[in-house]
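In the two complexes below, chain A is the common chain; its partner is chain B in one and chain C in the other.
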Partner chain A sequence: MSGELISVPIDVYRFDPSHDSAPRYQRYTLELPRHTPVLSALLKIRTDLDPSLSLRYSCRSSICGSCAMVINSKSRLACQTPVGPEVERHGRIVIDPMRNLPVLRDLVVEMAPFWGRYRKLEPHLIPDPNRPMPVDRENPMTPAEVERFKTTPRCIACGSCYSACPAVEHDPEFPGPMALAKLYRFVVDPRDGARQDRLVRIQAEGLWLCLRCHLCTESCPKEVEPSERIRDLKEMAIAVQGGTEHGSRHAVGFKDNIRERGILNELKLVRQTYNPLEALAQLPQGLKIARKKPETLHAPRKIEGQAEVEALYVALDDSKETP
Partner chain B sequence: MQRHDVVVVGAGLAGQRAALAALQAGRDVAIVSKLHPLRSHSGAAQGGINAAVGKEDSVETHIYDTVKGSDYLGDQDAIEFFCKEAGPTVVEMEHFGTIFSRADDGSLARRPFGGAGFPRTIYAADRTGLALLQALWEHLGQENLTLYEEWDLTRIVVDEGRAQGIVAFDRRRGDLAQIAAKAVVIATGPAGRIYGRTTNAHSCTGDGVAAAYRAGAFLKDMEFVQFHPTALLESSILITEGARGEGGILKNAKGERFMSRYAPHVLDLASRDVVSRAIFTEVREGRGFPGDYVHLELMHLGRERIESRLQEICDFSRNFAGIDPVTEPIPVMPAQHYMMGGISTNARGETNIPGLFAAGEAACVSIHGANRLGGNSLLETLVFGKQAGIAAAAYAEGAPTPVLRADDLDRETTAVRAMGDRTEGEEPQHLRIEMQRTMDTLVGIYRNAAELKQALAQIVALKVRYEKVRVVDRAKTYNINLTDALETGHMLALAEVIVAGAIARTESRGAHARTDFPKRDDANWMKHTLAAYSPQGPRLSYGPVAYTRWEPKERVY
Partner chain C sequence: MKLAYYPGCVAQESGRELDQSTRWVAQRLGIELVEFPSFSCCGSGFVDEANSTLNVALNARNLALAEKAGLDLLTICSTCQGMLSLANHRLKDPAVRARVDPALAKIGVAYRGSVRVKHLLEVVTRDLGVDAIAKKVTRPLRGLKVGAFYGCHLLRPAGEVGGESGEEPRSFENLIAALGATPVLYRGRVMCCGFPILFVREGTANRIAATQIDDARAHGADALATPCPLCHISLDSFQNKAAKAVGHALDMPIFHLPQLIGLALGASPEELGLPRHLVATDAALAKIGQVSVPA
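Then we have the complex of A and B:
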């Protein structure tokens, strides 16, 4: 099964804050079978070439979540990434520590902010005081109810999504994809009594800061699909209390707005998203747009096929399953 | 210096459950762990957790299966307690929020497992350990727990005949520190990395077991090492017994379903020691595939069933072996998986040292005897973790204030620094690889006196070389080269105990199979091995096995 060896040039980020003034890359070249995981390559470096290379690792089978790092610009698990395709695509393997977290040394990062944003969402079952758990036996839960968790129980909290996320980078208020996927897991849990509170709270605490870039879903080694679960949380939050934040008011407004005339009424969308005072603050931006596209100042005429648009809305509302 | 009533070392299921019990008893509790709790090896457990909750099943049958599986070396009183606790334990974890797989009627789904008379293994797809670990950590997160994360245990301080605390290496700060404790609970899990071919994580190095041994605790039955029948070829990544529980079958290179020769009644679902020996024998007798392995076939189960119930297995096979189990057989060979032995405790987690407790794989009660049944180890972590936590909390309530001496720490710090100051000497990872090779080749599934003696000589020689171990990395923070050295020292101590016990036990029982003594010898060997530390090597003595109702019989599956 080993197959023939290929030459694998690996450039590893090295940094010891107590000694080095700046990080550097160190080149190691190994001869390895092409299916060798990057983690095995790094451990071989430690055994054969340089025991001073520091990293986190444990299970080597993508279940403990220790070895997330940035491999050729992508956040992922070293144990789950074979060297062959990387070398063939990029000519070499560049390894950096996870992004969005301070480097402690080499590939070891400070995880406290990651855990901190997660802990803020009260990630534990909050039983409903009006619905006590059955004595001496399990809560019943149908296979269909288990299905509603989707793939969130597979999350190993490796942090790949957190490292890949631009919203995490720019906004300390954003809980991060992993934390929100976990929140989803509690929101859909039939045993949890805090579903409403959780949804109301998260609307105000960062849910709408997600940019919908899907990088979290792309980087997840366990197919947890945080991006899709964040979308579900948004829908559920709106269903519970409507739009309360700019993000949700914009989303709800957008939907209602187009339904009216079959085309977006941009001026009205401003009023749907912002209160009058906030709208006033948008004035300079609005004027800039108006200068370039004066038609935005007038409400558009109802389009000819508005009836068809209305039919689409009705059909979509009917077919909708709440997650 | 930090002080706590109870210090738990290890943050897997046993450690967390112990901490929870001690917190609920009102003690000030800390967990010291080399990994973040969610990274613990408990999370790698796949197949499930046993509890006789089905209508057709009974606690009585669970007890019998466990006794029989142990090859009559398990303590029957402890096994009775263990099996009776199973139902409430699983229900508690469900109430904590564990997402288990469910049957159509909404009850907990169960699958058949090896050596069990009924389908009694409750599961969460094929990631049961992860599901339990998440739920317990989420639950524990609501308590006021102190966590020392990424600290490597180096020593348990025993003074005036009782445990007074620990010494551990704080990776981030790069220094040793003492933590005073009225009671210490060891829950450091497996020591599988003593072997090269193991399903265990890299961090499974038996730190707590070795520290307890050096501190004067008895180690029990260390020669009983479980080899899991189905580990992925090359990487030795675990392929759960649940794969056979779901209907997977083993085949040799001739296409024969060879288990019919070894376990005519239950075939692929015989006890693990039986299946591992069968695979090993097939390969040795030339019926394996080139490269020495057999096939685990799942294809006949169909894509839907494989991908829903064995999701992680699909990923592992595809990512780590380039095999799609939906369309191809999985190449497997046995690999080290579990240590039946460990720190000798009773069912309350008490050791022979006052103030020192142990639970989980690091401990040996013994409920597994000479061979553990699949699905019993997750249960063990929770049942006995809780008991150890309760006992430690009760002990701590009346214990005197611990006293740790500063000059002790200075001496140990000097010794650790010396490893980094050497300009000559061998690197720890090289010694580790030699140890693993010795254990893989000479202390495996089948053993004999000549090979075991050769192994002992090699391990003793490695211990001498370890005296001059050299840490190359000079950095202070996250010097995992130093962690390598500490771990290797722990593992060499335990390897010696395993081999010494195996040489002495001149019979075959459960996972300990001697080709020169192929029969079980109840007249002379129905007893527990107890190993005590001495500078010259382990001193072995023996203790009785507790019997209640089950007469030893020949094991047929």
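Then we have the complex of A and C:
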């Protein structure tokens, strides 16, 4: 501890589209106390070594959310990441701009796509006509009502989750973890009148593209747990509307499938998710697989104690309350 | 070592080679697999999306069966591992208990919460230890570069499934090295295989699988190995579609975790069910001087 200095090799992504034909990494080596935040190291590079380095930052206290970047391949806040453990684990610190967003210069990215996907979800209160907004005073909630938000009010919209998300990376229709966590916040807001509409709309607008890889939850600097709130949204969406999309049909189909034998009937699940035409389109691939794995064509044996499984369904699924 | 064996649905159906190779390896490593023909499906993450309380109850019933026998539970699937661990975690919440316990009581089941859920990877690397495994290796996989593909639910959410690390695990790589092969580090090793949306948006799922395979190849991998049969479906059974989605050949052999261990312990490709794969493992087997599998 104390003021002992360690040598910190930092490889920083550099790219200025107006001058450079391709990005490159620039090595800076600093002598720093091991608890120094990566952000402070970058600012030291800028003041002492290279004023051309571009990055975004403001509060330096994990509140403003501007210094999100990729540090040794993890999306996180530079102000919240000390250099010591990184150097000990990786031997150096590699710094890249956030993923899934166009680079403007060095570590500065264009945030417009992040906000664009967010805005599509109407992230603002749509007042409930049955709970009129008072015009002359605030519209408070009870502490119990605030509890419903769970983790979501902590979000600082830094974009770490968006950068970490493979669904964002591979599908332009996925709204992103932060946008869905915020949507959850409005869905459970007792003052919001659009709960049902929001849940119906989101099913068709990308909710089921979440891969539940939980990389968003892992990368979030404020423990918002976006993947858990997305899971909650899925369950609430099914409760209001049932299986309307492939994703929800698959989830509901899977649940009903297990009930019958206690174990998954793989072949039947295809029919539960797809309509007959879609199922037919899967036939060539299904036959390819069945040639090597013929048991996919047969239903599995019921588990012993399937009656117990059935009883759990009767108790917890047949008369399910809306969560 | 004696454990309640939870093979999961896929290993009993389209992924039987996983069950087959697990039994072979368990026998050689002195792991006694106690069978429970009344274990139900873990819900695979899908039941959790449709009805989370039911999902916890189904897994609490599974856990209670192991508890009654006084055994910890062995999984061979990252997703089963994740779902059973998640149930253990959620059952610490009194509000969840209040919903689940009365339903369990109706079928005469009570779960105290004492069962530890362990994936084969953990049993091999932590309980037995990679050094002990290395001593049992009869055919080192020298010359083979293997990328570990962990499967999300084994790792995350780290706070709930209690894995080694959400984004920077090393146990699988340590095991690969102990088997004599060279572990390959690449970003995709902790990423998603695409499986959860294979039925939702197949094209995107295929592209995600291809991305991880391409990434592994770019870092020098000859083959991938996974502790998750769902990843295996996405990476092996649908690799032809992944290749089509990105417009180039992938040709990446995908091993199940116990198959890789089995090879180093001297099992034949047939004993490990390798002929059941859709992507031929011949090229990888040739590297370790093993005869190729008849087509």
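The criterion applied here is as follows: the second predicted complex is superposed on the first by the 298 of 323 C-alpha atoms of A that agree within 3 Å, B and C clash if a C-alpha of one lies under 4 Å from a C-alpha of the other, contacts with A are read in each partner's own complex, and residues count from 1 in each chain.
Methods note: a contact is a pair of C-beta atoms (placed from the backbone, for glycine too) under 8 Å apart; a residue touches a chain by one contact, two chains touch by 3 or more.
These numbers come from a predicted model, not from an experiment.
Legend: residue contacts after superposition of the two complexes on their common chain; A:I263 is shown touching chain C, with no touch to chain B. When both complexes are overlaid on chain A, the residue A:R46 reaches chain B alone and has no touch with chain C.
In the superposed model, A:P190 makes contact with neither chain B nor chain C. In the superposition on chain A, A:K292 makes contact with chain C only, while chain B stays out of contact range. Residue contacts after overlaying the shared chain place A:S18 against chain B, while chain C stays out of touching range.
By the touch criterion defined above, A:D106 lies against chain B but remains apart from chain C after alignment on the C-alpha atoms of chain A. Within the complex formed with chain A, the residues of chain B that make contact are 35-36, 38-41, 43-44, 88, 90-91, 94-97, 99-108, 124-125, 127, 130-131, 134-135, 138-139, 141-142, 172, 201-203, 233-235, 237-238, 291, 311-312, 315-316, 319-322, 331, 427, 429-430, 433, 471-481, 484.
If you check the complex, the residues on chain A that touch chain C are 73-74, 89, 166-167, 170-171, 208-215, 217-219, 225, 227-228, 231, 234-235, 238, 245-248, 250-252, 254-255, 258, 262-264, 266, 269, 273-274, 285, 288-289, 292-293, 295-296, 300, 303-306, 308-309, 311-313, 315-317, 320, 323. By the touch rule above, chain A contacts chain B in their complex via residues 1-2, 16-19, 35, 37, 43, 46-47, 51-52, 54-55, 57-66, 80, 82, 104-106, 108, 111, 115, 119, 123-125, 133, 136-143, 145-146, 149, 153-154, 156-157, 185, 189, 191, 222.
Residues 9-10, 12-16, 37-41, 43-54, 57-58, 61, 99-100, 102-104, 106-107, 109, 152, 155-158, 166-168, 187, 191-192, 194, 196-197, 199-201, 204, 207-208, 211, 237-238, 240-241, 275-278 of chain C touch chain A in their complex.
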